[in-house]
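See the structures that follow.
The two complexes that follow have chain A in common; it is paired with chain B in the first and with chain C in the second.
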Partner chain A sequence: MARTISYREAINEAIAQEMARDPAVIVMGEDNAGGAGGPGAEDAWGGVMGVTSGLYHRFPGRVLDTPISESAFIGAAIGAATRGMRPVAELMFVDFMGVCFDQIYNQAAKFRYMFGGNAVTPVVIRTMYGAGLRAAAQHSQALYPLFTHIPGLKVVLPSSPYEAKGLMTQAIRDDDPVVFFEHKAMYDTTGEVPEEPYTIPFGEAETAREGSDVTVVAFGGMVARALEAADALASSGIEAEVIDPRTTSPLDTETILESLAETGRLVVVDESTPRCSMAADVAALAAGEGFALLRAPVQQVTAPHTPVPFSAGLEDLYVPDAQRIANAAKAAVDWSR
Partner chain B sequence: MTETIPTDASRGLDPDGLLRAYRTMRTIRDFEERVHDEFATGDIPGFVHLYAGEEASAAGVCQHLDERDTIASTHRGHGHCIAKGVDVTGMMAEIFGRATGVCKGKGGSMHIADLSRGMLGANGIVGGGPPLVCGTALAAKQQNTGGVAVAFFGDGASNQGTTLESMNLASVWNLPAIFVAENNGYAEATASTWSVAADNIADRAAGFGMPGVIVDGFDFFAVHEAAGEAVERARAGGGPTLIEMKLTRYFGHFEGDQQTYRGDEVRNARETLDCLTRFRRRVVETGELTAERLDAVDREVAALVGGSVERARAAPAPDGADLLTDVYVRYE
Partner chain C sequence: MADERIQRVTMPKWGLSMTSGTVTDWVAAEGEEVAKGADLAEIDTDKIVGTLEAAGDGVLRRVVVAAGSAAPVGATIAVIAPPEVPDAEVDAVVDAERARLAAGAAEAEQGPAAADVAVGGRSVAYASLGAGDGDPVLLVHGFGGDKNSWLFVQEPLAADRRVIAVDLPGHGASGKDVGGGSLDELAAVLTGFLDAMGIERAHVVGHSLGGAVAVAAAARAPERVRSLTLVAPAGVGTQINADFLRGFAAADTRKGLKPHLASLFADSAQVNRRLVDDLLRYKRIDGVRQALDTLLGTLLDGDGPALDIAPLIAGVGVPVAAVWGAQDAVLPVGNADALPPSVRTRRVAGAGHMAHMEAPAEVRAAVEEAIAAAG
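Up next is the complex of A and B:
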């Protein structure tokens, strides 16, 4: 039965249900319980955003706090995954990947290929991304394109509580390394989520809204803004189809191209910076495989090629908003009206 | 050089154990010397880093390990692979880039692995292995297998943050992990006396709350004893140990290295410290093994390694279609 819960609770529920189902699932990260070694509560935090709250006492010995040593514990999660465990490790902010990226992209991602198919590394690396919390340049980036670039990794961007639970359940059951991107501004957003466990397959886009005038492909936290833009566009007679790919690796190119065949116009909305971004990736897809379908230039709506600024007014300018998305859609439609 | 042979020379090793140790070290030596020769023909592609000279370390540690246990290795990984039981013929084929290699020709010398043997891979990244060993040690602990995990790394990796973080994490989590620093005196072309800001790598153990031991890495029996204590402690829940092996690599950092940064330590080591020579002399003098039995091992190993080269040379290269396989378990 579905009830309304938050994005945070949906992720927590998926992890809890998988921990109950499979003793190989363990959780580790900085303050994932929160309170190790101190005189107070042993589970004071449940992760810096409370996502793993309550798991410590429900699953004794299976929620491990770590020192602030991302290389060591992300590597440990990867190593444990090669020996029959299914670790869910939290790399608190994706901005911190700089201190442990080797373990992810040179080790986990490559084991299966380098070892001739004789490795299975079912690790989930949860990480927080995105601007909007005034957290500035080193705690706000949307770095999923960097992971998408790496063969051997799967990259997941849930855009709602429903997706968060189904994709997390799939991520834990998946036999490949998965990097699971949680938008930090979405933890308190709510939506209908079934109580029972379910999975959402990777590489299958969701058509979040149907429309025949313009295709808007939006990733993760940008899906809600694209839907907002679509509502505004509808009032001026433009019907936008909003596609939520849900995973950037694998990427459901088929659904994107099918929609493009219908609309002939494409807007890609990506919170990351523009160079080598998902926007550029999808634009290249359209230019290559969808060239004959295009009736207008592809519009890329992204952050600028700058670090994320701190001051509120600047950060608000940085992140793509509904107005920019709507303007891009109008430009595409006006090109070939 | 003379040494007093203690009456407990075998230290718990029966003649079969001693033979196994000798066979492991001889196999590594022959394998590496043969790869050195084959590399010189130009038929082995890429980068190769040889372990010859350091055999006692891999053999003395891995003699204590079984199928519950895991090891992580380095770019200089052939010896660790052999000591952990990876198939020699498959290894040689891998180094030649053949489809019959243990990694189907897709890994090469720097990435030989056999997870079914608990061998987590040679590793092209200096310091790449210790975090992984924290993970396999954690798995052994969570699964109550009694298994231990060993990170072999060099003096170069002893300066990597990953290694230091891993030693800290292993102590914090009280993991059944053993950190084996093989200090062969040089990280590439840079002397460890210069790059390691401590008298000994083992001294760093104190900073991570674990025992640190310095061992003559040319002496199989010293290695075997120190590793035995560390493995026993780890299996009993006593946590990690750092062991520093002082030793010398007989070849360059990589094949082709002119080694102009070195003095004459290799000649000295070969003449006075060599692990195989010392092992042989000792077990023959104590009467635990005869020269004839050891000679027989030498012949068997020579045939095995020679055969591995013949088979590797005759083996097919990977098929072009293999380029795209085994990136994921499933991807669609």
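Up next is the complex of A and C:
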């Protein structure tokens, strides 16, 4: 039976159910049990945001606290995955991914290809992204385009508790390396989630709202803002269709182009910086395959090409908000009434 | 204190997930005299458009929520009163209700309460609505359906009695293990459910596979079933759309599922995104695919039907009514000819396999008739 739980609880439940179902599933990361080498008795943290809270005692020996050594434990997780385990490794902030990037993009992402399809690497790397928590330039980035760029990685951005659980279950069961992006401002958002395990396939976009005037493609944490903008637009007579791709790799281009065929207008909302972003990627899709469908220039709503500011006022201006999305949609509609 | 003769027409709760609805059209006009059961308004629940019927006689004095507007479940959308009630009194009620609506207040939700109960080691989910002295009504959905498919039937039937919609094993919020999936096993779950609920006897209404299960339950435990109402029951006649059943069970994408759902309805416009999405969510739950595959084996023998419940119907010894959509593309209406002659069958034009969604008034009338015949 479905009940209302948080984004955080949905991720926890998916991991717990998969651990119960499959003994190969293990959890590793920093501060899962209150610090490496500690007794773990208090199970105090469950990761920096408490997502894996409760798993340490429920699955003895299968929740590993690691030292602050990302390249070591991400490498260990990838190695374990090649030997039959299904590790779910938590790398606190995606901003720290740089120190272990070789393990991810040059090892995990390449094994299936380089071993002629004979190797699988079923590792899930959970990580937090996004601005809005006053965490400054090194803890606030939305770096999913970096990983989307790499063939061999699957990149997931859940936008609701329902998606978080179904996509996490799919990520754990998937035989390829998956980078699972959790927006740090979304952990307390709630929604209806079935109790039973279920999966959401990768590469299938969700049409979060139907509309015929303008297509708004929004990623992860931007979906809620796009929906907010769509509500505001509706009161001024513009019906926006909001598409939540759910995964950036693979990307459901078909659903985006189908919607564009209906509306002829496209807004892409991406919390990352604009160069080589998802916004640029989807705009290129429209400019190429969707060229004949376009009735107005594609509007890209992104962060500016700067680090995330620490100043609260500047940070609030940095992240795309509903007003900017609505303005972009209006500009697209006004171009060709 | 408002005049008791003033009846408030409220936004119905059709299904567990409905929190608000949109009045798409007022069928009755202000000032029009309406009788109990008359069509009042068309209401869109996001899932499907349904017709709201008048709960009592009177004149539709005021429309509170205009066509095109939405209101939360329980909110007053119109007022019915006899002509002799002064306008001022009606307006006072309307003004108060408008103010409540504007303030965001609505009646406490009167919709079905969902729960589950253990039946022989299985978790069986149900939604119960209404109360009364008579034997309750038990609604049993079909293959791939769930308790919410009765949304347009459960509420009106529950005006003066308890009406329970159950999720069969493998469906809705019930446990997904169907065991061998035989008709007998499913019927045993149904009688076990009555035991667990402390219900001695019930009027059982079954759709499609649920119709066959209801008949099998009546055959197993005749003392527990007061009457049977069968909506396009499986196991009657020789025609069955095997391609639909297999395609429905196998489809795992929106695109794959939608065309199959269209063949459930006479009017395929009934299949909107929400209906497809809800079904996809169900189908993606662990164990559902296996449950549906097992039940396919119960329903199909090659491309023909595996069940024949006509002899059981002839032998049940309780009143049996049937409703069949004339445009049923899953179990075609010609199958109704195989029902025993004692069964009064309503063949409903403009309805497909989901007659209880497309022609709920006919289904309700058939249930009332079966209940009356049971005495």
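The working rule: the second predicted complex is superposed on the first by the 329 of 337 C-alpha atoms of A that agree within 3 Å, B and C clash if a C-alpha of one lies under 4 Å from a C-alpha of the other, contacts with A are read in each partner's own complex, and residues count from 1 in each chain.
Just so we're on the same page, contacts are C-beta pairs under 8 Å (C-beta built on N, C-alpha and C of every residue); 3 or more make two chains touch, one makes a residue touch a chain.
On a predicted model such as this, the values are computed, not experimentally measured, just so you know.
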Determine, for the superposed arrangement built on chain A, whether chain B and chain C clash or fit.
-> fit
When the two structures are overlaid on chain A, which partner does A:120 contact: first (chain B), second (chain C), both, or neither?
-> first
Superposed model, chain A: greater residue contact from chain B or chain C | B
Partner chain(s) touched by A:207 [first = chain B, second = chain C, both, neither] | second
Pick one for A:253: touches chain B only (first), chain C only (second), both, or neither.
-> neither
Looking at the overlay, what does A:194 touch: chain B (first), chain C (second), both, or neither?
-> second
Which holds for A:64: it touches chain B only (first), chain C only (second), both, or neither?
-> first
Of the partners chain B and chain C, which touch A:106 in the superposed model: first, second, both, neither?
-> first
Where the C-alpha centre of chain A sits as vertex, the angle toward chain B and chain C in the overlay (nearest 10 degrees) = 130
Check the residue A:84 against both partner chains and state whether it touches chain B (first), chain C (second), both, or neither.
-> first
In whole Å, what is the nearest CA distance you get between chain B and chain C after the fit?
-> 12
Footprint intersection on chain A (chain B / chain C) at none
Where on chain A does chain C make contact in their complex?
-> 1-2, 162, 166, 192, 194, 196-201, 204, 207, 210
Residues of chain B that touch chain A when the two form their complex = 70, 72, 101-107, 111, 113-116, 120-121, 123-125, 128, 130-140, 142-143, 149, 161-162, 165-166, 168-169, 172-173, 325-332
For chain A, which residues are in contact with chain B within the complex?
-> 26, 61-62, 64, 66-67, 69, 71-85, 87, 102-103, 106-107, 110-120, 151-152, 154, 174-176, 203, 250
Given the complex with chain A, which residues does chain C contribute to the contact?
-> 17, 114, 116, 125, 173, 176, 252-254, 273, 281, 284-287
